[in-house]
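Chain lettering (A, B, C and D) follows the sequence in which the chains are written, and residue indices restart at 1 in each chain.
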Amino acid sequence: MDKTHKWTFWNREFNSPILLASGTAGFGLELMEQGFLEGAAAVISKATTLKPRVGNPPPRIIETRFGLLNSIGLANPGIDEVLKTLLPQAADLPCPLIINVAGETVEEFQVVIERLEESPVPFGYEVNVSCPNVAAGGITFGASPEIVERISTLVKRVSSRPFSVKLTPNEGSILESAKAAEAGGADAVTVCNTFLGMKVDWRTGKALLKRNVGGYSSPALLPLTVARVFITSEAICIPVLASGGVNRAEDILELLAAGAAMVQVGTWLMRRPDAARELREGVISLLKEPVRQ
Amino acid sequence: MRKAKENRIIDSDAVIIEKKEILPGIHRITFEVPLPFINEVEPGMFIQVEVSHDSFPVTRRPFTISSISGNSIEIIFEIVGRGTEILSETEEGRSLRLLGPLGRGYRLNPGKWLLIGGGLGAAGFPGLAASIDCDLALLGAASRDKLLIIPGCETITITEDGSSGRKGLITDLLETVRWDSFSSVALCGPVPMMKAVIGMMPLPVRVITQVSSEARMGCGWGACEGCSVPKAGGGFLKCCSDGPVFPADSIDWERWEGIH
Amino acid sequence: MDKTHKWTFWNREFNSPILLASGTAGFGLELMEQGFLEGAAAVISKATTLKPRVGNPPPRIIETRFGLLNSIGLANPGIDEVLKTLLPQAADLPCPLIINVAGETVEEFQVVIERLEESPVPFGYEVNVSCPNVAAGGITFGASPEIVERISTLVKRVSSRPFSVKLTPNEGSILESAKAAEAGGADAVTVCNTFLGMKVDWRTGKALLKRNVGGYSSPALLPLTVARVFITSEAICIPVLASGGVNRAEDILELLAAGAAMVQVGTWLMRRPDAARELREGVISLLKEPVRQ
Amino acid sequence: MRKAKENRIIDSDAVIIEKKEILPGIHRITFEVPLPFINEVEPGMFIQVEVSHDSFPVTRRPFTISSISGNSIEIIFEIVGRGTEILSETEEGRSLRLLGPLGRGYRLNPGKWLLIGGGLGAAGFPGLAASIDCDLALLGAASRDKLLIIPGCETITITEDGSSGRKGLITDLLETVRWDSFSSVALCGPVPMMKAVIGMMPLPVRVITQVSSEARMGCGWGACEGCSVPKAGGGFLKCCSDGPVFPADSIDWERWEGIH
C-alpha cells in the first residue's frame, strides 16, 4: 500500500482509492451540487444503453433483514440523451467520470462506446456484462468467457479510452471471465456486481419483486468480494476494481490488500451521500496509525 | 438533490428534542435542525432519517416533514416495521442523522384549499395548512385512534368503525363536497384510497389536485432510480426528486399500485 | 404448505421440514446423546470420502463481521471407518441419516456409495459436487453440467436409495446443473452450499485461512438461497432441498414458499444445538397463526 | 458432547449474578447454573457462551470454567474482540445462554502439582487448584495488571515489565524448578510460551504434563471439526471434545501455531 496515500489507476494519480459504484451515484450531478464528491477518485455512471429504458415495474428496492434487493432494470435515458444533456453537465464534475455501459447484444456495447467517443467527458468506461444477452436467450453475457472476450475485443477496437469489464458472480467462472477480459484487451475488471437474490412473502407465496429475482447487496457480502478479488488479481495483470459489501474504511483496506487497485462503494452511498469523504478519511487515518503488535 | 442549485440539502446529526406517542402506535418526533435547513423547507418535502447506527437496516427511512418551527421540524409516523420501530425507541436527547429537506413540495397556490387525507397520509397536512388558505380538511382513518389533527383547519372526519365522525370510508364524504368552492386540492393516503378519491373527482378538479406520493426508496436524492411512480403516458416518475408531490394528472393511476 | 404440519420427502412423511446440514451435525451421534435431535426430520452426515482425510491446517473457522468462514477440508475417517464404527452407532438415531459423499474423481462417488450400500443404516445420500475435481485440475465438479449428470448417472447405477446432488453456487450455472442432476437420475438437488469467501488482515496483507479462501455462510445469505431455490425448483420436477442462511422459522417458511421441499440448517446448529426443535416449533406456531390482513 | 453417555451437557439461560473487572480489561462473570450442571463440571472443562441475542457474532465464545461453587460457576476473560466486548458489557441480572460443561478436563492425579500459566492461561487454575494438591504455581504475564491469583497455592510470579516478581519471561523461572518434586504439571498459556516451556522440560516431566489448549471453535461439541490442534504422529485432535486438556505428548508441538 502506498504510504504517501496516493493510488494510481489508468495512469492517473488519485488521493483516494474510492470509486462511486454504478447505479448508486447517477451521473454524479446530484452529488456534485451538494458538494458530496469530495473524497471520490471517480464516479461511475448509471448504466447507459443504446435506447432509453424506463426500467422495471416497482417496487424496485426491497430491504431484507441484512441487505438490499434491487430491480432497477437499467433505467436510463439512452445514449442520445446522455450525450446531449448529462455529459455536458458532467463536464463540471470535480473528479473523472467513468461511463457504465450495458447492452442487449454483443454489438450494442460497441455501438454505445463508439457514440461515447464523441464526448470529451468520459475518463473511461465500465462494461457491464452481468446483464442478460437477449440475442442468446437471456443468458448472462458474463457467464461465457468467449463472449466476455468478444465484447472486450469489440470495445477495444473502438475505444480510445481505458475500460473495465464488470464481471458477474452469478454464473460461469469469474476467474475465466477475468482472464478472457484481459485477453480481449480490457484495461481492468470490476469484481464484481450484485448477487442474484430474492425475497418471498411466505404468507402469500409471492415474490416481493415483480421479476421475482433481483440484485442483492449487503455489507455481509464483503468476504465474497474479497475472495473473488484475490482469485482474479492473482491470475491477471490488469487492475481489479473491487465492488461489493464496502461500508467501512477497513473494508477498503482489506480489498486493497486482497489485490484490488481501487475500491467501489455502492449501496452504502445511498445511506451516506458523503460516504466517499468519510471513508477516505477513515482509510488515511488507519494508514497513519502506528503499527500495533 | 434535484433542485440542488436552488436548494441546499443538508446531512447532519439532529437532536431529538421531543418524542411523543400522540396516538396509539403513532409517534411524533421533533428534531432540532440548523437554520439553513429550516430556510429550505417547503410543505410536502421530506427527510431521510438514518434509523440505525449500524449496518442494518441498510437504507434510511423517508418521512414527510409534518410541521416546521423556528429551529425544529416534526415528523409523525406509524410503527409498521423494523425501521419505524427502532425510531420509536430512540430516546429524547439522542441524535439521528437527517438528510434533507428533500424533494418537491406543494405548489402553494392562492385561493381556498381542500385537504383529503387517509390515515397517516395526513402527516404532512399540518405544515401545509400553515402555509395556505385551508378551507376544509376531510380525514379518514380506521378509527379515532388513527386520526391526526390539522390545526387551524375545519375538519370533517370519518372512520371505518364510526369512533369519530361518520362510519364509513373517505369516499362517503365526497358525495357532498362542493368541489367548485376550492381552487386547490391536496390528496394523500394509501394508493387504493387515493384511486377511489380520484375516481370520484370531477375532471376539472383533478387538474387542481396535488398528490403526495410514496414509494420504497433507496437514496432519496434522485440517483438510484429506486422510487418509481408510474407516469401518465408511460415511464416512471421519481418519487424522491420529481415528487413526492405531483399534479394528480401526471400519475398513471392505472399502473400505480402503491406500497404493499 | 401442508396445513396438517406434515412434510413428505422421498416417500416418507415427516413432522418437520428441517434437515441438519452436512458438516455441522457430525453423524448425529453427539446430538442424539444429548437429546438434541428432536424436531429434525433427518440428519445429513459430515462428508464421507474413500480414504480418511485429516482435513485442512488450522485455523478452520474464522468468524467475520457478519458470517462465518470455514476451511474444514472434508476431514473424515474414510468409508471403512464410517462403515465399521459410525454407521452401527447411528442405527440408534431417532431420525433417518442421509450420508453426504465427496470425492476427488468422478468414480470415487460411485465407489463410496457402492460401499455404503453394505450398511442398512442410510436413508439416502447427498452427493457433494462442490468439491474440486482433482483429476480435472481442481475445477469444481459442480461447475459443469456434463460432469454433474455423469456423477448422477454413476451413483444411480449403484444406489438402491434415493440421493440428492448438492450443487455449488460458486461456478457454472446452478440452473443447468440442477437440470443435469435430474437428467442423470438424481432424486433431489440440494441448493446450495457455502459461498467462496475470504478474509484478509489488511495490516499484514495475509489471508486468515491457510488456503486463502474458504466456505462462507451467514444468515445474510438467505436471499441468495431463496433465489436459487426458486430458479431451480421452477425448472425441475425432483425436490429441492434448501441450504443456506436459515436461522429463523420465517426463513424456513420463506424457502418452502420459494419451492423447497425441505430446508437444511447448518451454521445455526453450531450456535444452537437444539435448533431443530426450536425452529420446528416456530414453524408450527407461525402456520397456526390466524391469517393477518 | 463427547463423553455424553456419562456426561450430560446442558444448554440453558444462566443469570449473571456478578460481573466484575478484576484487573484492567479482565473481567470475571459469575453465572448461576442448575445443580445438574454443577455436578458434571470437572476442572479444565469449558462452556460455550452465547454472547449475542442477535445473529452476529454467529458462533458462541468458549471460556474455561474458572471456578465452581454450590450453584454458580465463574469465567475470567480478557477483552480481545467483539464477543468478549459484548460479554463485558452485559449487565448483572441479565441472562445468557450457556452450553456446558464441555470437553475433557484434567486427569486429577494424586501427588504434588506444579501449575505453569501465562497470562489468562491461568484462568482455569483456581478451579483446578481446589481439586488437587497444588504445590506451586508459576505465573507469568506482561505486567502485574494481568496476573491472576490462584487461591490456596504458593505462587511465584514474573512479569515482562518487572511490576510483579522478577522481570522476565516464565521460562526464566524454570531454570530453578526442582522438576522431580512434582508428580503432575498443568500448563496453559499462549502457544509460543507453552512451546518454550515444553522445550525446557526434562523428557520425563513432559509425560506428566497436561496442557490446556485453545482453538477457534465452531460448535464446541465435537461435530464440526473446526477446532483442530495438531496431533503427535499426524492428523488433528479436536480441542473441544478430545480436549481442551491434553497430555503434552499427544500434541505435535512443531505444527501447532495456536491462535493469532
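Quick note on the criterion: a residue touches a chain if its C-beta (ideal position, glycine included) is under 8 Å from a C-beta of that chain, and two chains touch if they have at least 3 such contacts.
Predicted model only: the values in this text are computed from it and were never measured.
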{"item": "Touching chain A and also chain C, the following chains", "value": "none"}
{"item": "Gap in Å, rounded to a whole number, between the CA centres of chain B and chain A", "value": "34"}
{"item": "Separation of mean Cα positions, chain D and chain B [Å, integer]", "value": "59"}
{"item": "Averaged-CA centre spacing for the pair chain D and chain A, given as whole angstrom", "value": "48"}
{"item": "Touching two or more other chains - residues of chain A", "value": "65-67, 218-220"}
{"item": "Residues of chain D touching at least two other chains", "value": "55"}
{"item": "Touch-based graph of the chains, sorted into line, ring, star, complete or other", "value": "line"}
{"item": "Pairs of chains, among all present, that meet the touch criterion", "value": "A-B, A-C, C-D"}
{"item": "In the complex with chain C, residue positions of chain D that touch it", "value": "1-2, 4-5, 8-9, 11, 50, 55-60, 99, 215-230, 234-236, 241, 255, 257, 259"}
{"item": "Chain A partner contacts - residues on chain C that touch it in the complex", "value": "64-67, 69, 143, 171-173, 195-203, 205, 207, 212-213, 216, 218-224, 226-228, 230-231, 250, 253-254, 256-258, 291-292"}
{"item": "Contacting residues of chain C [partner chain D, same complex]", "value": "23-26, 30-31, 33-34, 46, 54-55, 57-63, 65-68, 70, 72, 75, 218-220, 247, 267-274"}
